[in-house]
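Per-chain residue numbering starts at 1, and chain names A, B, C, D, E and F are given in the order in which the chains are listed.
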Amino acid sequence: MARPFTLFTGQWADLTLEEVAELAAGWGYDGLEIAVSGEHLDAWRWDDEDYIADRLGILERHGLKLWAISNHLKGQAVCDDPIDFRHQAIVGARVWGDGEPEGVRRRAAEEMKHTARLARRLGVDTVVGFTGSSIWQYVAMFPPVPAEKIEAGYADFAERWNPILDVFDSEGVRFAHEVHPSEIAYDYYSTVKTLEAIGHREAFGLNWDPSHMMWQGIDVVDFIYDFADRIYHVDCKDTKMRMGNGRAGILSSHLPWGDGRRGWDFVSAGRGDVPWEQAFRALTAIGYEGPISMEWEDAGMDRLVGAPESLAALKKFDFEPSTQSFDAAFSQD
Amino acid sequence: MARPFTLFTGQWADLTLEEVAELAAGWGYDGLEIAVSGEHLDAWRWDDEDYIADRLGILERHGLKLWAISNHLKGQAVCDDPIDFRHQAIVGARVWGDGEPEGVRRRAAEEMKHTARLARRLGVDTVVGFTGSSIWQYVAMFPPVPAEKIEAGYADFAERWNPILDVFDSEGVRFAHEVHPSEIAYDYYSTVKTLEAIGHREAFGLNWDPSHMMWQGIDVVDFIYDFADRIYHVDCKDTKMRMGNGRAGILSSHLPWGDGRRGWDFVSAGRGDVPWEQAFRALTAIGYEGPISMEWEDAGMDRLVGAPESLAALKKFDFEPSTQSFDAAFSQD
Amino acid sequence: MARPFTLFTGQWADLTLEEVAELAAGWGYDGLEIAVSGEHLDAWRWDDEDYIADRLGILERHGLKLWAISNHLKGQAVCDDPIDFRHQAIVGARVWGDGEPEGVRRRAAEEMKHTARLARRLGVDTVVGFTGSSIWQYVAMFPPVPAEKIEAGYADFAERWNPILDVFDSEGVRFAHEVHPSEIAYDYYSTVKTLEAIGHREAFGLNWDPSHMMWQGIDVVDFIYDFADRIYHVDCKDTKMRMGNGRAGILSSHLPWGDGRRGWDFVSAGRGDVPWEQAFRALTAIGYEGPISMEWEDAGMDRLVGAPESLAALKKFDFEPSTQSFDAAFSQD
Amino acid sequence: MARPFTLFTGQWADLTLEEVAELAAGWGYDGLEIAVSGEHLDAWRWDDEDYIADRLGILERHGLKLWAISNHLKGQAVCDDPIDFRHQAIVGARVWGDGEPEGVRRRAAEEMKHTARLARRLGVDTVVGFTGSSIWQYVAMFPPVPAEKIEAGYADFAERWNPILDVFDSEGVRFAHEVHPSEIAYDYYSTVKTLEAIGHREAFGLNWDPSHMMWQGIDVVDFIYDFADRIYHVDCKDTKMRMGNGRAGILSSHLPWGDGRRGWDFVSAGRGDVPWEQAFRALTAIGYEGPISMEWEDAGMDRLVGAPESLAALKKFDFEPSTQSFDAAFSQD
Amino acid sequence: MARPFTLFTGQWADLTLEEVAELAAGWGYDGLEIAVSGEHLDAWRWDDEDYIADRLGILERHGLKLWAISNHLKGQAVCDDPIDFRHQAIVGARVWGDGEPEGVRRRAAEEMKHTARLARRLGVDTVVGFTGSSIWQYVAMFPPVPAEKIEAGYADFAERWNPILDVFDSEGVRFAHEVHPSEIAYDYYSTVKTLEAIGHREAFGLNWDPSHMMWQGIDVVDFIYDFADRIYHVDCKDTKMRMGNGRAGILSSHLPWGDGRRGWDFVSAGRGDVPWEQAFRALTAIGYEGPISMEWEDAGMDRLVGAPESLAALKKFDFEPSTQSFDAAFSQD
Amino acid sequence: MARPFTLFTGQWADLTLEEVAELAAGWGYDGLEIAVSGEHLDAWRWDDEDYIADRLGILERHGLKLWAISNHLKGQAVCDDPIDFRHQAIVGARVWGDGEPEGVRRRAAEEMKHTARLARRLGVDTVVGFTGSSIWQYVAMFPPVPAEKIEAGYADFAERWNPILDVFDSEGVRFAHEVHPSEIAYDYYSTVKTLEAIGHREAFGLNWDPSHMMWQGIDVVDFIYDFADRIYHVDCKDTKMRMGNGRAGILSSHLPWGDGRRGWDFVSAGRGDVPWEQAFRALTAIGYEGPISMEWEDAGMDRLVGAPESLAALKKFDFEPSTQSFDAAFSQD
């Protein structure tokens, strides 16, 4: 369909945006999904025109375009509980501040508003990211968790995100939440519940990333049809299942990424079990014309080999749909 | 094995034979399986020598050969009941006439005889096609259908086709029925029964097309072994299954081709679930040396992209068999 | 849950209602789901008070109750196309008349209205049945069927059933359609579409009978959750799958019921593959408190053996739900 | 094998021990696995001879025996992080105190030591329970968790439990940890790692409870063979999987127990997917002669119905092994 | 169907026939399938009228009947190669003699002829047994085995068994070979080949025993349909599969029966994976009216418990077929 | 990882080593795994310096290297029982001699010692091969085989191989046994047992060849982790499963290689069901840096086509592992 392919810069934060842009352009990507992280993008400089021009200049120099930016790491801190050393490592000094949890959450929310403003200045209408969750920690439901506590988690999410989404609305930008463990919406029914919590307001949609749905047993293709009007962005990360020998468990034993004893792992897109072709056909069916963004992650493969390989792997599913009715042709007389 | 690959023209009836021939030759096909349909072939002109020469001339100009012709649409009308608007759209004015069902069936049978004569004139010994069926409509078996009614359906088939097959015999041509819903033989046991009904006469064999056997759960490779002496032709159409989410049903809800909510759909050969490699090995095993004909159909892909792609996809299974006994080499001393 | 268990009399139409009542009561059934068929019930006598009293008297004599009546056979004729010998065998002389199709459909519709009136007189608020369908015949989609033809089928259904449902509304009775091949709604998406066609009017709901959903690959338990507010009645018929050997196809080769070469068959409830326990739990979850009706059908078992056996088999899933919160008990301190 | 069957009292803490004993004896249980919880058992009274006599008296009165006691709830608090409202609800006022986390952990550890002493006084040599875990909260591994943090979790466990196990050793009692989410060992490889962390000391073994291994995809029968010398106790809780429709996810959307939309749930033993017969044969194979304890939990069934039903269900797998060599009998001549 | 149930005495050869008869009768068996082995039956005394009367007297005393006798162990030695210590242990001194292989085979063949004569004298027309095989030893096909060697194996079988079958013919008795590893026919295609080798002579049929077909992946129900006219006897032994954990292999590591690490094992009929109900329905379909013989074997269960249990387990599948056409009843008007 | 790829010469013994070397080099192989067989290598000339130089010269001329040699055929004869025509065809005249079994075994053992010496002279430290087995013939366990007989088989193996392994030790060479039917270790538990029998001495390790583990249901990837310290060499042969139609059995009916009715067969690497990518990742995980040797075998494909094709197919899995920690990059701030 000639949909644009972009490279998500989150896993390349050790390089400068210039370096990532050069690599991506060289491999044939059409653009970047720039993460508001490290040197790549700073949301607090949204109103600095020179900064905006500088960032856009980098893209332009390499012939790349921008359809969306993302801010997973600060979004994560908006609702999370507890806030701890893990957040300190990812939110940056400005948001972390003194580390007092509520302060961190408040500053993270602030940055998400700035991210909407930044998107507007950069000329894009989609921000991809995480929401965090105050109830993810209770996923095992033991020690016992009362139902009201779960309800309160969805309410907390709505309370914290509605003001952020108000800014998105006023900027004409949409938030695309990535369904993912650790977040308020992490599977089918929690997504249904999350959309209800926020009154199905249009500012809040989804970033379709199949990788964490795969091991949960969610039908990633059906998910596209079920939430057709909320698929605002597409991130491609692939998952290989290795269940079935009775020892590799679905929770993967706290084993690190890339350890073959895990029950599942992320692999270069096209080498896993995601039914990409059916997914691309479904995206065509719902009329998705946005970017296909590569979130490349494979702990067992060199990323310089994998990033171009996966681009080629997925492009072969982005074919033109039929412009011909077969039965019509068949019946010609 | 260097078996010839042909393109079935049925789904290209909106183009002239000349146009199809040019495309097919350009993509590397060795020949065409020309459908007696539209402008491509007219069975009623079987005794018009200039017409025959003209048709063969088109092939020759493009370096293509002919191993079989087909006439699915008129074959369909021979036994069908009811005969209705659907047939009107596909059988052509000459066979349709005033649309009186028995007249349509009679004229369709007549055309099938001509098709055998036409095949002889064109120098080929195989006609691919459908038979139609007076009992397909009772497949759901409700409202209740007495067993004699089913027996009568097979008898009706034999009665209508035996005279046609007599002409095939006298022309030295064989009919290759495509096992397919809507036909007298649509799965394993109905094929067994159909061959019995016709006394296993040699004039009646099968066109192995796995696409509709896939979703019925028929073992398409075993089918080749089971009916080894009746595989007269091979048509390649691929099927992708999408069952398993508990909502996409096997009957597919009257949803149109290409709708991802169907339980299964046709896809460009090589992109579906047909075990092509095992099938090609089985064809080698039974000594099938006829053409491999591409019946290209994929409602989600541009046919100009798909027709050459699928040719490449299937050619990689048409490898030379071993000329070496491994154990022999292994034992060399 | 002590839900009542009833016996559907449709497959016992060769016996008198009195005989069926005696058998059912002897086996421990709580009531009957009387079919408007044969000697059992005559819808055209709905306003005959003596007749009503007589029928109710039979039940009373045997200590049985009535929660629903059914009229599958005449419902079938309301939309069906074609109307043929099969309908003649099941609709009765009054509806068949001279057999002219449109007249049959009209009289069948008339009887369905009477059936609502009859239900009211008998003191029940649910009529179970079929709808028929003018487009079921096109389920194989070949010869090609234009999309408008399918749409027209749903429209035809709405047009023919709305006036019937108006009578249902005025009588305060609901129609529970059985999702089944040959009907307008036969799987998940055709049910969605059917409910839309009729504007989700409350008079039209569903009779949950898992038997024909099983072989279509529909998740019969999810179906209860998905259409929770439309489950008006429950019929229990079980299905045994026999797919997987590559020869028994899903369409079952026109083989008769009870032939082991079929890909699936009906068996005495509890001997097949329906996940009854999960289904009963789902019925509890949606608050279904109506009757559990046994539609007993197994071509390989004597019905006098099977009808009591299946009652025992299903009763073990009708247990009382928990009245205790485990976590609460667990936390007691 | 005539292994004794006991009822775990944890889910009956709203009743007195006397009441539970009466029920269990009436249903045919041979004994109880008394939870140190609620009124049932108080570990801090381990040196109160009258109390010990009173508890044993209750059992004696009902003809019940004691093979093991358990203390899941306080074990949970030994390593857990965070310590919060959930623990407050389950550990009791004495351990909770002012709720300062480290104090709670310390007092919980103290109670576990007392539990060993109590077991000794009650004449049993096995204490079943949980360990808690400081790293369970990182199971999703996002936000990123460094490997050292995971290692530190196992070390923390060893540091906190070794002193407790010293008391177990001096009392001649063994601890049987239940592999379970929220604990240090929750699947196969985390169990391997946990045993290593504790130097495989004999005081620490396992309580085989298949329920949480089922949904993780662990082979519960192989688990018995793999950890044959560490199976110190057996708890029977059953799990029904409901995956496969593409919407019910393995993490179950924070849905409450008993909600049919969950991907899995606990059910009365014998109604789920645990391969009990193979498990019992494996227990025989490793020479396990301890109690079979019923941990009854099924949110959709009345426990007064389920507790006796499940006892009958599992007893049919506890048959006598063969005392005869078949081949020997076969060869007799 | 009230088919008779018999107990195969092979695994009870350490008891006298009198003792087995008493047990079997007590459990409700209708008869015995007496093995020509140990004290049970001696084929060489076929012409000793007192002996015959004595044996029949035992049955009569216990109200048991005889439909078939078996001689697996001597049949095994007819074709086997090598003949070794294993045969010495099972064929008895008379057949073993000096152990010279060809002599053993000759005497085994002689005994099989006597077994036919014995059957005739005992009034039964079926002898169940094994054939042995000179090529079973080559099943792994390595070191390489030339195709002629395999052909020679089938020829050797025909040559050795035809003279035996001649005696069967003259006595009016049929041989029912049990498809089993170690024999000439051990799976589907080797059975096809075996029947061809012997020219499909009627004297040679099959004893349907599903146990060894299960782990080979043979469809045991289809097998009944495929060889419908050769099913002369039925032996019921059940198999439980334990594959799927990636360590338990299909060849089972030379582990003894009853070891849970095997990939499969024999279990008391009704506790394994044989689809008994579908098999019994298929037996009804082909018109099998002979005995259902229990070949009880389960290394993990006491045979005194298992033999009566399995009788009850299988009897519930031997129900009466329908005498009623459902559609007929349904259509009654 | 740039691991070297070699071609195993066993299946090319009808060509000279020079011819094989030329072909392999032309296709891009890095070296050969030369079989001590035919003209390729003669173990008895291990101390002939000219011969050694000549062999190495051939490799050098074609730019090939040597990492391992193999001697399957003589290894097979060390323990095998019976020794027969099959061995005569593969062990060569010198080892066969007069064919007296014990003499053949003794001479085969002698040649294995020479093979270690030859490896040392050729500069390689690994010899790949088979062990043979005196108990493989009893794999079906019928006629009954006493457990002591099985134990004796492992003891016989240890007794015969320990002296050979002593020579391996003194030469500083390791033996890599290929787990394979017909050998002492053919699946998971027999491998465990074999390593125990030999006291886990380091001289004895494994050649990981997944082809025969596939059809036995062994998890070939787990096998790498489970025997991580004993994986001394890797041979790549692929297997395609064709089970599931109920007629193709796992033992494959003595049907020849390449016959599509077999339940499984060998195919060109990359065309079968071996999970190559997961296997290569596992090899990386255990630190395997030795050669990847192609044991090419596919009875349905010309080997001149297949040998280069499979090299390309597997090389795409031999990618560089990640040198980057994703979480580290992700957290960059």
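What we mean here is this: contacts are C-beta pairs under 8 Å (C-beta built on N, C-alpha and C of every residue); 3 or more make two chains touch, one makes a residue touch a chain.
Every value quoted in this text rests on a predicted model; they were computed, and no experiment measured them.
Asks: I need the pair from C-F, E-F or A-F whose contacts repeat those of A-B. Over half of the residue-number contact pairs should coincide.
Replies: Interface equivalent to A-B, from the options C-F, E-F or A-F: A-F.
Asks: If we define chain centres by averaging CA atoms, which chain lands farthest from chain E? Would you check?
Replies: Checked the centroid distances; the maximum from chain E is A.
Asks: Between chain A and chain F, two touching copies, which fits better, same or different residues at the interface, with half of the numbers shared as the threshold?
Replies: Shared-number fraction below one half, so different.
Asks: Tally the contacting C-beta pairs at the B-D interface and at the A-D interface, and name the larger one.
Replies: Ranking B-D and A-D by C-beta contacts puts A-D first.
Asks: I'd like to verify one number: the distance from the centre of chain D to the centre of chain F, where each centre is the average of its C-alpha atoms, in whole angstrom.
Replies: 46
Asks: Centre to centre, by mean C-alpha position, how many angstrom separate chain B and chain F?
Replies: 46
Asks: Would you give the residues of chain C that are in contact with at least 2 other chains, written as numbers and ranges?
Replies: Touching at least two other chains: 73, 89-90, 144, 219, 222, 244-247, 257, 261, 327, 330-331.
Asks: What residues on chain D touch chain C, complex-wise?
Replies: Spelled out, the residues of chain D in touch with chain C are 10-14, 37-38, 73, 89-93, 240, 242, 244-245, 247, 257-261, 271, 297-303, 305-306.
Asks: Under the stated contact criterion, what part of chain B meets chain C in this complex?
Replies: Chain B residues touching chain C: 73, 76, 82, 85-87, 89-90, 135-145, 147, 149-150, 153, 180-182, 186-190, 193, 213, 215-219, 222, 243-257, 261, 263.
Asks: Could you please specify the touching residues of chain F with respect to chain C in the complex?
Replies: Contact set of chain F toward chain C: 244-247.
Asks: Okay, in this complex, where on chain D does chain E touch?
Replies: Residues of chain D touching chain E: 219, 221-222, 225, 277-278, 281-282, 284-285, 319-324, 326-333.
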